[in-house]
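Data block below; observations after.
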Amino acid sequence: MIQAAESTQVEPITIEAAYEAVRERSLQIARPLSAEDCAVQSMPDASPIRWHLAHTTWFFETFLLRGDPTYQVFDPGYEYLFNSYYNQVGEQYPRTQRGLITRPGLDETLAYRTHVDRAMLRWLRGPSRSEEQTSVLRTGLNHEQQHQELMLTDIKHALSCNPLWPVYDDRAFESSTSEETDWSVVEPGQYEIGHVGPGFAFDNESPRHTVYLNGCKVSGSLVTCGEYLRFMNEGGYERPEFWLSLGWSHVQDEGWTSPLYWVRRDDQWFQFTLAGLKPVCPEWPVCHVSLFEADAYARWAGQRLTTEFEWEVAQRQCADADSAESVPDQFADHLLNHQKAIHPTRNSNSLLGGVWQWTSSSYAAYPGYRPPEGALGEYNGKFMCNQYVLRGGSVATDSQHVRPTYRNFFPADARWQFTGIRVAQSL
Amino acid sequence: MIQAAESTQVEPITIEAAYEAVRERSLQIARPLSAEDCAVQSMPDASPIRWHLAHTTWFFETFLLRGDPTYQVFDPGYEYLFNSYYNQVGEQYPRTQRGLITRPGLDETLAYRTHVDRAMLRWLRGPSRSEEQTSVLRTGLNHEQQHQELMLTDIKHALSCNPLWPVYDDRAFESSTSEETDWSVVEPGQYEIGHVGPGFAFDNESPRHTVYLNGCKVSGSLVTCGEYLRFMNEGGYERPEFWLSLGWSHVQDEGWTSPLYWVRRDDQWFQFTLAGLKPVCPEWPVCHVSLFEADAYARWAGQRLTTEFEWEVAQRQCADADSAESVPDQFADHLLNHQKAIHPTRNSNSLLGGVWQWTSSSYAAYPGYRPPEGALGEYNGKFMCNQYVLRGGSVATDSQHVRPTYRNFFPADARWQFTGIRVAQSL
Amino acid sequence: MIQAAESTQVEPITIEAAYEAVRERSLQIARPLSAEDCAVQSMPDASPIRWHLAHTTWFFETFLLRGDPTYQVFDPGYEYLFNSYYNQVGEQYPRTQRGLITRPGLDETLAYRTHVDRAMLRWLRGPSRSEEQTSVLRTGLNHEQQHQELMLTDIKHALSCNPLWPVYDDRAFESSTSEETDWSVVEPGQYEIGHVGPGFAFDNESPRHTVYLNGCKVSGSLVTCGEYLRFMNEGGYERPEFWLSLGWSHVQDEGWTSPLYWVRRDDQWFQFTLAGLKPVCPEWPVCHVSLFEADAYARWAGQRLTTEFEWEVAQRQCADADSAESVPDQFADHLLNHQKAIHPTRNSNSLLGGVWQWTSSSYAAYPGYRPPEGALGEYNGKFMCNQYVLRGGSVATDSQHVRPTYRNFFPADARWQFTGIRVAQSL
Amino acid sequence: MIQAAESTQVEPITIEAAYEAVRERSLQIARPLSAEDCAVQSMPDASPIRWHLAHTTWFFETFLLRGDPTYQVFDPGYEYLFNSYYNQVGEQYPRTQRGLITRPGLDETLAYRTHVDRAMLRWLRGPSRSEEQTSVLRTGLNHEQQHQELMLTDIKHALSCNPLWPVYDDRAFESSTSEETDWSVVEPGQYEIGHVGPGFAFDNESPRHTVYLNGCKVSGSLVTCGEYLRFMNEGGYERPEFWLSLGWSHVQDEGWTSPLYWVRRDDQWFQFTLAGLKPVCPEWPVCHVSLFEADAYARWAGQRLTTEFEWEVAQRQCADADSAESVPDQFADHLLNHQKAIHPTRNSNSLLGGVWQWTSSSYAAYPGYRPPEGALGEYNGKFMCNQYVLRGGSVATDSQHVRPTYRNFFPADARWQFTGIRVAQSL
């Protein structure tokens, strides 16, 4: 598999192998699910699993195969049905109604995948690709890996609506603890931020550019459930003084009293996981909190969140200090099991992994950023409003995406991703 | 099958045979559907097919089998999950979120049906039942037949959300016309209204009681698509003078310009049917109109809708004149195919069948009505507010329910049932 | 004054005097109010007092004066601004946004009234009117009297939004009790229903027609606050078995735990009145309940509401028995003060007055009803959907409207009118 | 007057004079308005004028006078009624319902102001104030000046709801043009950002800190109506490629086709102003656009918005080049008339004034920012989420607030402020 390969050996793998590995991974995630599980859309922000399977396929068909005159389109109706948001490709079926589409069903969707995969492999083995085609291909693979993470978060949300607490995979569970580590000090000064080098990165990680940081200390540990419980027990959800005004409105309107998926039963806190309902373990990193909760926790603790730039610099310092590979061990085998997908461990010597970490940075273009020409220019740029950057990656994240410059982004009230908290202090 | 049996022979069939026939009919309706089709809830008023299959089973389990100490409950969680609205049984899973439940899936739901059916047949063959138990059993069978109609209307709505216009059953289509028939005259005077006799009827059809009618003429024909097109072409949907105030608000807020499921393409009207998209045929009864549209059409035509009492008297007069069986021919074989489920024929010599016919009568208790004791008292009485009575039955309706006293009821804006128009005039 | 006149003498008063009396009464109601009080629209169902003052004036201008070529329109913009719902007159400013209009202000609105009044009095003293004009004139006066009741209910609602509990008129308060009276028995049989005779009635009270009633007993007393408190104390608002399904949804969605305007303070119930916050008095008729609450109370008490026909027959029987004037004493002086406007007394020997009484009858056309031609045909007919009839009148009601055939109507969840409960039992 | 004073002379004015001038200015703004005009809340984001008058008074009473044991509270109920959002002071009357409060009326509100003003002047002449009290006093005056701007924008919105297009002040209108000026070049490098020095600034303008800028050119001119019309005429509101995804949703959901207050009549564009409806003048700066529209315009023009840091540096460079006073001429007399309040001129040699200018910077804390202790800590910090910074000031802005470091902030869809566009280009 591509990820495992990359982290254990230096030899390049073929592009065909990479394609097949990524595509297979999506099927692997869907395998424990029934046709019904794959059909449901449990909220507007989530999508049906079957839609993810089809849309990631549509991406290759639309942006690569349609340019090939010998390619036979699988079903012309899919162009509209599985377009997510590319206005330059055409109209889109309304996003909030994806769960209403029962056909094509799972079997036909898998047949669509097979059809496109065969054509893609033929195309990959064909005459040499243009540089732009190669770029689209790499984007397509990374795009599918992003959707793989969403498949896990979306199915978790869907199953959580069921009062019988169904299990996605009963091995997807593990207790873990880790040593406390030191705070990283980021000295005041100029730093270079953003992607550089030959590896793949999304357009929003560029251009690499200079920022000036005023200096801070970044915690070496993620906030744990035990720490978060102290915040809750000291009235965290009842005291407006800790909260952003919008956050406090959410607390009151939505009745938030704990992270998402936490359930109170017989005076004990449980959390719904992909392995079913499990007791909250104080040592685990707290997860499924919004930016509002992360920010309120930090204020309660007399600390603050990092900016995305502080985070990136601190991470780079850790990695340099450790001279370790950039992809930590925990990811090596996550394709084989989901054990850590739910209660991710905390890493020493890296800020990466475990849970996504809210930063205080609004998602915005880097200086000099220009979206690519054409429909793929809609990939990132047009979403740069009212969203906040998360850094680090979770165990649901493909290991290839767990890199220091990766910018994840969600609205401040989003809680269904594997999102947690890392605190900082100004110097 | 019980319905076929009744219409062709006089001999009673056994209650076990009746039970099995009704239960089989639900499976028959679900047979052309995939697991995904059975999972979707396309609007709050509709329910997933799988939910219908489970809930009708739950009814027998809850109201009959749970009283049997030897019965093994299939899954204790179902009591909550498949309770529709019986507060006396306990809390209910929110109605509008039935589509979020992916488990139990279709296979497990069918296993649930088999489990309950086995227990029910054992129970039916057991020692003699109390009168109340027999009454509950008959209610349970009629209840399931009501849900069978809803299964057809709900899946039609769900499939209509798909821009690919999927086909439920391509035989579910038939062109038909019928002769114009005379108007029935209901003379002023006292009439008896409501159910009487040994046959089954729901509690809301009783007690039989006297009403005084001021006299009217009732059309012998249902309003056709051709007639309704004239209303449309003369600005029916643009002229407020024809509309109830609430209806006009719906026209504007919802953008109604035609009956539900009508689609304009290349200057021609089509309608979505269970057999896919078909041209509108001027001779068919117009269908999928709200009370608002029915009332506006009647006002445009210089006529009015009937009251439910006028309708019942006129139907009884037709039936007497015809001395025919009360269940018209068209229903004899509808268990075998759905050909008429979509474009029902108009009957001569009966007001029954074809499409449900909106009356101007608000759904209310008959004088002296008392709901039954216990949870089954919630079956009808508590819904007597802001709904209007429909009479007659459609081809999606089980033939046993197509009787002169049957009272169907829906809110004035409902359009996803097979609802049409019969006009009347005051004398 | 016209009302006082009618109840104390037989001589006809002039139409000019009647016009002036009705118009003055509107000003009298507005007199205790500030410009701000007259400007607010506290919910979509209510209108600003200033709008009521303008709209009732617009009615005379639009339907009578515009036909007079010598009349000078006050401001052409008002035709749009103060049209309530007459599509045949033209477009209307959105009803829910009436509170956004700050100009014309109160002074200019009063000037508008003066302008139209002068023209009307000139017109009234002019050459003889057509029969249709006389009919429109009478409708206009009754229309304004209807709005006078709404002015009181709308300002009560608006003031209730103010946590300082402002006082409209501190004399608008009186404690009162009355003797229990017997139940009226309505025997089974045919009865004539609806308006007959020379007095004014709205179109919806006609035609007079025959109904058959199955017989009932109607309570001689209105349900009191004390009786309603027992319902509340026995869990009335927590037990779904008493409620219509829609009503129970309202209880839960709106958090109803008492009638509107009841406030719990220091373990005691108070109610907001036009005289400010006052303790609930057990002897007063309960007021400001929805149909849902009236119906639930009746079910809890083992009784039911009347139909509007039963009510009308029972009232006529009372009046005959009493041979009293049809307008009870309490109304003689209500133009002079508002003392009873808030806690209306119960009458002996009449079902009239005190509070409006919910019936179980959906608001529908009488057999043979035809709305008048032209815009005034929109007065009543188009509202005959999803509303329920109230009978009897409250002390906020003009005494001329307190007649046995008067049909008031509101949606089942309306609570801001002076609405109460009278129970009945089937024989 | 304090502002005029500051811009024309060096001598300090007394604090009493400053207090009186600021307080008088609020009354001056309200003077052309009726009681009804002062009562309305035309949308949730706006507040009634009377509420502004009371709340700004409440501020001094709550944060200064309540600490004085000799002070007599005017009305204890006001603490709740006129608290905007200070949780540490106590509960607040719901913001969206401020328009429902009709009492205290305008007269009583003015009496409240007089009462507090007398107490304040007594207090100001009293024994020396603590440093913290002086700080609160200055904040209170600046706070009221902020509300003065909101009074103008809120009454403009309210009057715009009236189809009769009422006039606030018919002198509030002026045509103006200005010379095109050069672009400012901001060279790459480190800059100091934020407030420094003895003058007043809000907490969110501090601490002064270092940023690194990558270099850009900033336009010397505001975008004009004529330029914006070209954007509109080239399909600006129909072409999704120019828009942020959220912005495009707004365009479609709200039906935006022009800036707020623009009205199409007889093939010509008009705009509603405080002087009534006026033709759009191509030379004026475009105004009443959202961030979404500003961003879309810039993208259409092949440019971009500035960051707030670029803006601040460019402005400082202009001011240095010009060596002029920091407050431009146009503000000198704006207390005397509103002529420029509607169609503000463009300034040469300054980015200040005319209209507020959207930046691409999300509103966030400066490094090291800490909100003040106590309730006043709620002034700015808790709003730092999902808002964007505007720089420069409009003619509705008090001249004292038109400074290079002032940070105004609104959500990206806000259009009722005097907001316009200044473009930039990366180097």
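Note that the chains take the letters A, B, C and D in the order they are written out, and that residue 1 is the start of every chain.
To be clear about the criterion, a residue touches a chain if its C-beta (ideal position, glycine included) is under 8 Å from a C-beta of that chain, and two chains touch if they have at least 3 such contacts.
Only a predicted model underlies this, so the values are computations on that prediction, with no experimental measurement involved.
J.: Using the contact definition stated above, find the chains touching both chain C and chain D.
T.: For chain C paired with chain D, there are no chains in contact with each.
J.: Taking each chain's centre as the mean of its Cα atoms, which chain lies farthest from chain D?
T.: B
J.: Counting in whole Å, what is the centre-to-centre distance of chain A and chain D, each centre being its mean C-alpha position?
T.: So the centre of chain A lies 39 Å away from the centre of chain D.
J.: Could you give the separation in Å between the centres of chain B and chain D, each centre being the mean of its C-alpha atoms?
T.: So the centroids are 60 Å from each other.
J.: Name the shape of the chain contact graph, picking from line, ring, star, complete and other.
T.: If you draw each chain as a dot and join those that touch, you get a single closed ring.
J.: Can you list every touching chain pair?
T.: Those chain pairs satisfying the definition are A-B, A-D, B-C, C-D.
J.: Using the touch definition from the top, list the residues of chain B that touch chain C in their complex.
T.: 85, 87-88, 188, 190, 209-214, 240-241, 243-248, 291-292, 360-362, 364-365, 367-368, 382-386, 412, 426
J.: Give every residue of chain C touching chain D within the complex, in rising order.
T.: 34-40, 42, 50, 77, 80-81, 93, 97, 99-103, 105-106, 158-159, 161-164, 166
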